[in-house]
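Next up, some structures in structure tokens.
Both of the next two complexes hold chain A, though its partner changes from chain B to chain C.
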Partner chain A sequence: MTATEHTEPLNKQALKRQARTQQRNELSLSLPAFILVGSLVLVPIGWLFWLSIYGADGFTAENYIRLLHPSYKKTLITTFELAFLVTGLCILLGYPLAYLASQLKPRMASLVLLCVLFPFWTSLLVRTYAWLVLLQRRGLINTWLMDMGLIDAPLKLAHNFTGTTIGMVHIMLPFFVLPLYASMKTVDLSLLKAAANLGASPVKAFWQIYVPLTLSGLGAGVILVFVLSLGFYVTPALLGGGRVMMWAMQIERSMAVYADWGAASALGVVLLVMTLGILWAFARLTGAMSSVEGK
Partner chain B sequence: MNFRKTLLSVTALTTIMGAGAGAVLAQDSITIASWGGAYQEAQRKAWFDVVEEELGIKVIEDTTSGAADVRVQVASGAPTWDLVQQGNYSCAILENEGNVEMLDESVLSVPGIPDIMKGKGWISNLVYGAVLARSDAAYPEDKPNSWADFWDTEKFPGPRSLRRNPVYSLEAALIADGVPMDELYPLDTERAFNKLKELKDDVAVWWSSGAQSAQILQDGEVDMALVWNGRAQSIADAGAPVSITFDQQMVLTDCWVIPKGAKNKDLAMKAIEIMSRPEVQARISLFINYGPANADAFDTGVIDDDVAKGLPSHPDNVAKGFVLDAGYWAENLDKLTQDFDFFIQE
Partner chain C sequence: MHDVNKSTGPVSTGPDVASGRGRALPISVKSLTKTYGAFNALNNVSIDIRSGEFMTLLGPSGSGKTTLLMVLAGFVRPDSGSVLFGDDEVLLLPPHKRDIGMVFQNYALFPHMTVAENLAYPLKLRSIGKSERQDRVNRALDLVQLGGLGDRGIDALSGGQRQRVALARAVIFEPRILLMDEPLSALDKNLREQMQFEVRALHDRLGITTVYVTHDQREALTMSDRIAVINDGQIQQVDPPQRLYERPKTFFVASFIGETYRLPVDVTNGTASLFGQPIKTGGPLESTALQQALILRPEMLQIADGGPGPDENQMTGTLRQTVFQGDSIVSYISIHGDHEIAVRSQHRSNQTLPVPGSQVRLSWLIQDTVILPEDDQT
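The block that comes next holds the complex of A and B.
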């Protein structure tokens, strides 16, 4: 140990020391933030966990045993199915949109972004009801299609899984487009020209150069949309017609129906653990991908 | 959302209590929490004013969004509400949980309120009905009039709506399957779920709030629905082509409970006794389209005959239906809610 230290140049040691001091200073500066996060996030989550395992009669697994009822399994599947589907559709719709916006002249780009942002500023409840007006049996879309003679009977667009998906994708799209757009703006387009110069077709250059360079924005968008979708309540409740049962609705139900907070807490813990698990897997996956890119 | 509402009302309450403390000290008071809105305004005019006058006290008002509020208050050790309005099986559930004070004999012995509308710790005050409402546009001539008609998709095609809850849905299914209304309880749940399965594809919406049930009827999203009579009545009054039938209606009540440990328990007890008397009960129908729980109220002459016939608790209308068994639901709600959730998601 000492041997290596002696062989290192003196100024390198000094630099290291300085870096350490700086790190300590930064740490002490962020201490208030740590305390805030700790007391506002970790303590309540710990309390939530405690409530789910400690009832009136001491420690109990009762709150978790009740989750074995098949209805909860169904809800869990629906919740993740919807979250995956919404995330997938956001990628399909959002990626070309963000790409378009990033390639336009600033004036046009801000117009496109405004169109993305405008619904973002409107209340979620209002937008959900607006979809109901469009999608329901005697809604605008069905009336229009029937008047045109394209369909004979109204399509079942609202009050089911379809309606919920449409509504949620619309609400989630800005969360996906904005981080992606930001990362696309930082891509050096001369890299694509260089790729073309080296003989890559535009398609190949796009997939091998452009997409990997926007992965960080894509990842941020995907995580935002996925995690927010998992906790959705209002849109599935209004557009799902009672059929689409999300985990958040089960939590609300448990609060309203059962006497103690334990049942709802257990539901919260399960969702939290599953979400963290998926995020961890996602981080591993993208980590592996970016390290491949690094080589 | 409910939780936020609770938080809001708790905050509002704290503010009110803080601000009002000085003024109220001079005079005894009780705090009553009810459902707010037009409903509570009617209660204020019909009942609270009478209580204030007779007892010489002040009635402070607050709003509740359900049983969870009462639990939180009782769990806090110092409930600020003395009297709370709840939906009927919530009252029975709160009693089972030990969250309410037992009522005095003087309250429970007020004549005119049937036994099925009260328990040891709760007593009903308002009656409404879960009824069959149908679109007059979809069924201009021959209208569905029974739960059997509701299930008859050949004779009456069109999307339907039921409540996203086992309560009412299971009863309707059993009646449609031929179970007489006076032999419903305890429910044959297996038979009920099988019958519900028959109709499942034709139920376009399982509604979760009264407002939603009215909206889907009004917008023509469904052609018939099981709804609370007041909701259907209000859109019919506003001109929607919707009518209801009291045939095979489920008579439902809202009720009073006193949270366990309420500060002014004795005054609250007196207030309930006053508000349960037939002549006071009758007053509610002067201000809102709900019926009194006390059947004797119809003999007081306070309610016009025309109005009385449109109320779910009018003896003629009660005779067409049955009273929902709050005690049964208090015992079985938990299990059947899970089964129902599963059924819907299948």
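The block that comes next holds the complex of A and C.
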């Protein structure tokens, strides 16, 4: 007792200093990352924004006022339509695929995942042209279908919205499957046994236990696919055949037409803001859902 | 066929969790066999579990005890055999139609649900109305002393609390049978001992037929009405704890439960002799084999001052070492050269311990004498 009273300060100040020093050291470790993100992400975005509001004649809203033209509205709708459709199809195709991979024995699972990942090792452009070969008017699919006598006239599969959707789903699927697979691997399968033991049929156990537990991976996949789809360029440009006008293509076109960074920058800023808005809404939605479940 | 939505027990006592008596069902397992490749997980297992009994399946890992439990729950499909709950064959019923409670080793609580939602889940599946559901959840929480914790998430619970939630969830829908798969193995020692009493108290209160799997012999002895010792996919012995301890039927049972030492005995004309000295037994020997073994437990032996009493056997040995362990003293004694056994005696103050190297007489009661035929197991 007396001993502690004698050393009353108990090194309080020195310990506090030490804690501060340690905190500074730990922060300094993340400094390179801060600088990298700052110089490669924040600065260009800031510059983009600056270009969109500051032209040759000083500050201007001209670039944004131009976007009120109906043709931009149509592009915006197409972009979102495609992004929603591609995301929806990825869920329908990707969930069973990820589920299959997660249930297989390790060796078979890696084989399935290899098939999912394989397209990643091929150039995006090559894959898109490959789809064109398959889908076009005199392409493989139409030739086969006609040879088998299933159709009389070739289906319009390429150079339109359908072709763009098919190509985009193929390219986006790995982005959806991988995070979902990761979250499925963490689901404790004894929970499904417990559900069965408590009286849940396999179908009920799947919907009431398994699916809710994989929602985080599903959400990650959905966000990835949706956001990537919003800004996609190559596939819609090639498979759309000029009939599918995406926002990213609009950006390219304004560069060509106006030869001015300002117009294109404004388009970029609008896409960025809308993407952030959707991410925010998504976070709010899932947050609200989990807080409802928490009650 | 049992429909989970209906209570099909012989006596339906209504929705009161705490008065489930009379709903318990006996279990009859006949000739169960399950092989995984060349491995016999269950080798022609038959066992009858009485209605309302607390039966423990005790055995080392890989003995088949968990496989047997999983067959009862419906998660493992055996190669052949029969399982009756009451008079009904259930072997072909899928798990979700068996209407039995189960506590899993890792508790298997649903992490995306609160405590109350976990408990309400089996009731929802049985289409029980919201108000009654709430009622029963509250009563079940009180039953396991977790009243007021219904809104907690599973992550916010301690190990012991999770254990209780798992227990409550397993009995809230009034199953006729409760299965438990090493439910206490994840808890620390003190909590485990406390939960042993709580689980047993809950069983007594609900009167439910309980099958409990453990590899912990002390846990089995503490909790059970009867214990089935399993090894190599076969049931070695089914008996109440005390009988199992005092009259093991095989070497495996003798060595798996408690501390045992074996001394070789020769048998001629139904009389056993230890190094030429005859041994008295409580009854006739179970086997006529010439080479058998005497099973001795340290606490059954006593270092004697004089000759054998009328109800005692005796042998002599050389004291090698004594170890003071606080509540008891363990003496290591070599018998007839190279056979070493231990004797445990209670500590008394001012006790003079024999000097190592001296000759001592060891006596034990005739009724404690267990002689088993040598088998190929060692």
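Please note the rule applied: the second predicted complex is superposed on the first by the 265 of 295 C-alpha atoms of A that agree within 3 Å, B and C clash if a C-alpha of one lies under 4 Å from a C-alpha of the other, contacts with A are read in each partner's own complex, and residues count from 1 in each chain.
The rule we apply is simple: a contact is a pair of C-beta atoms (placed from the backbone, for glycine too) under 8 Å apart; a residue touches a chain by one contact, two chains touch by 3 or more.
In this text the structure is predicted, and so the values were computed from the model without any measurement.
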Should the pairing of chain B and chain C on chain A count as a clash or a fit in the superposition?
fit
First (chain B), second (chain C), both or neither touched by A:His69:
first
Once the shared chain is lined up, is A:Arg138 touching chain B (first), chain C (second), both, or neither of them?
first
Contact-wise, after the overlay, does A:Ser123 reach chain B, chain C, both or neither (first, second, both, neither)?
neither
For A:Asn11, is the partner it touches chain B (first), chain C (second), both, or none of the two (neither)?
neither
Chain A: partner with more touched residues, chain B or chain C
B
Nearest Cα pair across chain B and chain C, whole Å
46
Intersected contact list for chain A, partners chain B and chain C none
Mind pulling up the chain B residues that touch chain A in the complex?
1-3, 66-68, 71, 93, 97, 99, 159, 164, 204-208, 212, 219-221, 333-334, 337-339, 341-342, 344-346
Give the list of chain A residues in touch with chain B in this complex.
66, 69-71, 74-75, 78, 136-138, 156, 158-159, 233-234, 237-238, 241-243, 245, 250, 252-253, 255-259
In their complex, what parts of chain C are in touch with chain A?
4, 73-75, 94-102, 104-106, 108-114, 121-122, 125-126, 151, 153, 169, 173
The residues of chain A that touch chain C in their complex are 188, 190-191, 193-202, 204-205, 208-209, 212-213, 293-295
